[in-house]
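Report on the structure given below.
For reference, chains read A, B, C and D in written order, and residue numbers begin at 1 within each chain.
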Amino acid sequence: MLPQYFTRRAALHALVFSGLWLLLTGGDFGTWYLGAVAVAAATVVSIRLFPEGPGWRWTVGGTVRFAPFFVRQSISGGFDVALRAIRPSMPLDPELVEYETSLENPTALAFMANVVSLLPGTLGTEVKGRRIVIHSLVGARRATDGARDLETRVADLFGLSREGSA
Amino acid sequence: MISSLVNIASILFVVAGAFFFLAGTVGLLRFPDVYTRLHSLTKADNTGLGLVVVGLAIQSGSVLAALKMILAWLFVLVSGATAAHLISTTALKGGIRVWRKE
Amino acid sequence: MNTFFTIVAGFLLVNIAAGLVRVYRGPSPADRMLSAQLFGTTGVAILLLLSQSLSTPALVDAALVLGLLAAVAVVAFVTRIPQNERDE
Amino acid sequence: MSFAGLALDGLLALSLPILAWRTLAARDLYRAAILFITFGVILALAWARLGAPDIALAEAAIGAGITGALLLNTVGGLSRRNGGDDDERPDEPTDRVGRPWTTRLAVAIPVTILAVGLGWAVLSLPAPTVDMPSLVGEAIAEGEVSHPITAVLLDYRSYDTFLEIGVLLLAALCVWSLGLSAVRGEAPEAVAKSPVLAGFVRLLAPAMVVSGVYLLWAGTSQPGGAFQAGAVLGALGVVMVLTGLLAPSLGRGSIIRAGLALGFSVFLLVGVAAMLATGGFLEYPAGFEYGLILAIEFFLTFSIALTLTALFTTVPPREKKEGA
């Protein structure tokens, strides 16, 4: 079972890296001989560095649902911090909030910690186990609510069922 | 007609992007501690770069060239968020206190 | 149009110059590191603008490389520069 | 040239010497390293404005990326050696640099002579006696590749890259001979164990590999080439050493040594073989130029990346695999 899974994963990675190669070369198919070397090397590197299975699937539906949310939130995040910087009163009332996620997968956790930094008013700092320390400019309540919302969407994106997501 | 419309849209996007860069710099200079400054690093500048990329992408006239610029933005997005996380974790461990309102 | 892109590139360069005040003032090493990271992001934007205004597509590659390597210095910073453990 | 362009160039021309001066005069080495990274970014912009995108590309990869990591690494190593006493630790992570006037003078005299010499050279630049464009035209007619940049780069760049890889190799040998201790990442546990750092490397590593090979290919028809590609892949090696994914000794000693010498050796062998065939060093037989040069650049990229990583870790590889 395992070898089959391994090759499927490798094939998937190779497909993504081939896309990257074509994008970089401007869609030049005449470069296949070097492209093959690049894709093979990148696939070996990505599988060798992290031999353990991912434990998640990238879901198409989740991506379609996540992308508009991400764009909307990062623009409003930019606006929020820009206004805080430019307004003469400079409204800042920072506090540190610890948020415990139910995401166990390290990739999903890392993704979430990074995206938290792009949401309005929150910055993902230390990750302790499954707890993310959030530096919040919008108070503890809104930071926690935002993180909970994001957590659901990340679980959806990675095809994970959250344990105890009641 | 269409090209001048594209030009106007392009100018609007790039100017909006430049505004976010300005706000990011103002935040870098005005904000009171390293954590608040990281907020302006991750959000204002990435939004700014995204808008500049959109403004240039609609000018480029080639889908692949536009995608390549979006790829550059994605690289910056990932490295910016990662850098903010790493720097703030190190700062916390190094004992830099969080600034609070008096 | 190209003049407009050049003007914006110049404006972003002024932003970098102003940000240097933060490098000068600090106060912590982390402040200086994050300023350098910010200049990298701004540099990517300027290179993209210049690639359009000078019609040099290869500068997009330069922007790509700058974005790709921007965090390498940060990784070196967090793993190699000892942080002072201050008393709480 | 438009007024906006002139203003931008003026700003660049103004900020570069000021930044260079502040970098040299910085109060401590850490600040100097940060200013140097900024200097690299601005220098890349200046090359872009001067119409030299290939140098802008190299500067983005080397100046802002890998040299910054190299300098921060050195600063970290120095402050570890000096700041052993916890009470004596300064507020900044690095030692202050004392600069006695003798040192200043010893640096100032040759620098002034160099500056005057360069200024004189620029002012007394004669009209070009070698007609470069027609030479290039001839080379294109002779060579297989038609694009002018391709022809120039591939035919004339060979010597340049040949010397560069030689210099890098020598630098690595010099660093090894200093007997420094091995560089490894010493991040606080919260950083080293962070899933964000691991996820970043997971995402970054394959992207760097593909981009590196892309730059190598790009070098055949547009800015790019072995050196830029090697710098990107070398940066990947540096990140992997710092995050503990790669041991500082890099692997089995004999294999690493062979890998370091590979680029130089292949270059030399092909050059000599070409000399036997055509009578001139690095004069490739007609019809084989593109393939031969691409093959050479491929091995050069590998060796440059490996040499940069080896320079960074500072220890010679051991004969036996570490921990085996």
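Convention: contacts are C-beta pairs under 8 Å (C-beta built on N, C-alpha and C of every residue); 3 or more make two chains touch, one makes a residue touch a chain.
The model shown is predicted, which means the values in this text are computed figures rather than measured ones.
Participant: Measuring from CA centroids, which chain ends up nearest the centre of the complete protein set?
Facilitator: Centroid comparison flags C as closest.
Participant: State, to the nearest whole Å, the distance from the C-alpha centre of chain A to the C-alpha centre of chain C.
Facilitator: It comes to 23 Å between the two C-alpha centres.
Participant: With centres defined as the mean C-alpha position, give me the chain B-chain C separation in Å.
Facilitator: 11
Participant: Using mean C-alpha positions as chain centres, tell me how far chain A is from chain D in Å, no decimals.
Facilitator: One centre to the other, that is 32 Å.
Participant: Can you give the whole-Å distance between the Cα centres of chain C and chain D?
Facilitator: Between these chains, centre-to-centre, one finds 19 Å.
Participant: Hunt down the residues of chain B that sit against at least two other chains at once, touch-wise.
Facilitator: Touching at least two other chains: 24, 38, 46, 48, 65, 68, 71, 75, 78-79, 82, 84-86, 88-90, 92-93.
Participant: What residues in chain A touch two or more of the other chains?
Facilitator: 20, 24, 113-114, 124, 126-127
Participant: Among the residues of chain D, pick out those that touch two or more other chains and give their numbers.
Facilitator: Counting only residues that touch two or more other chains, chain D contributes 187-188, 190-191, 194, 196-197, 200, 204, 207, 211, 218.
Participant: What kind of graph do the touching chains make: line, ring, star, complete, other?
Facilitator: other
Participant: Where on chain D does chain B make contact in their complex?
Facilitator: Contacts found on chain D: 187-188, 190-191, 194, 196-197, 200, 203-204, 207.
Participant: What residues of chain A sit close enough to touch chain B in their complex?
Facilitator: Chain A reaches chain B through residues 20, 23-24, 26-27, 74-75, 77-86, 90, 92-96, 113-115, 117-118, 120-121, 123-127, 133, 135, 137.
Participant: Can you list the residues on chain A that touch chain D in the complex?
Facilitator: Residue positions touching the partner: 13, 17, 20-21, 24-25, 31, 34-35, 37-39, 41-43, 45-46, 49-50, 106-107, 109-111, 113-114, 124, 126-128.
Participant: In the complex formed with chain B, which residues of chain C make contact?
Facilitator: 1, 4-5, 8, 11-12, 15, 18-19, 21-22, 28, 30-31, 33-35, 37-38, 40-42, 44-45, 48-49, 52, 57, 60, 63-64, 67-68, 70-71, 74-75, 77-78, 83-88
Participant: Would you tell me which residues of chain B are touching chain C in their complex?
Facilitator: Residues of chain B touching chain C: 7, 10-11, 14-15, 17-18, 21-22, 24-25, 28-29, 34, 37-38, 41, 45-46, 48-49, 52-53, 56, 59-60, 65, 68-69, 71-73, 75-76, 78-80, 82-84, 86-91, 93-96.
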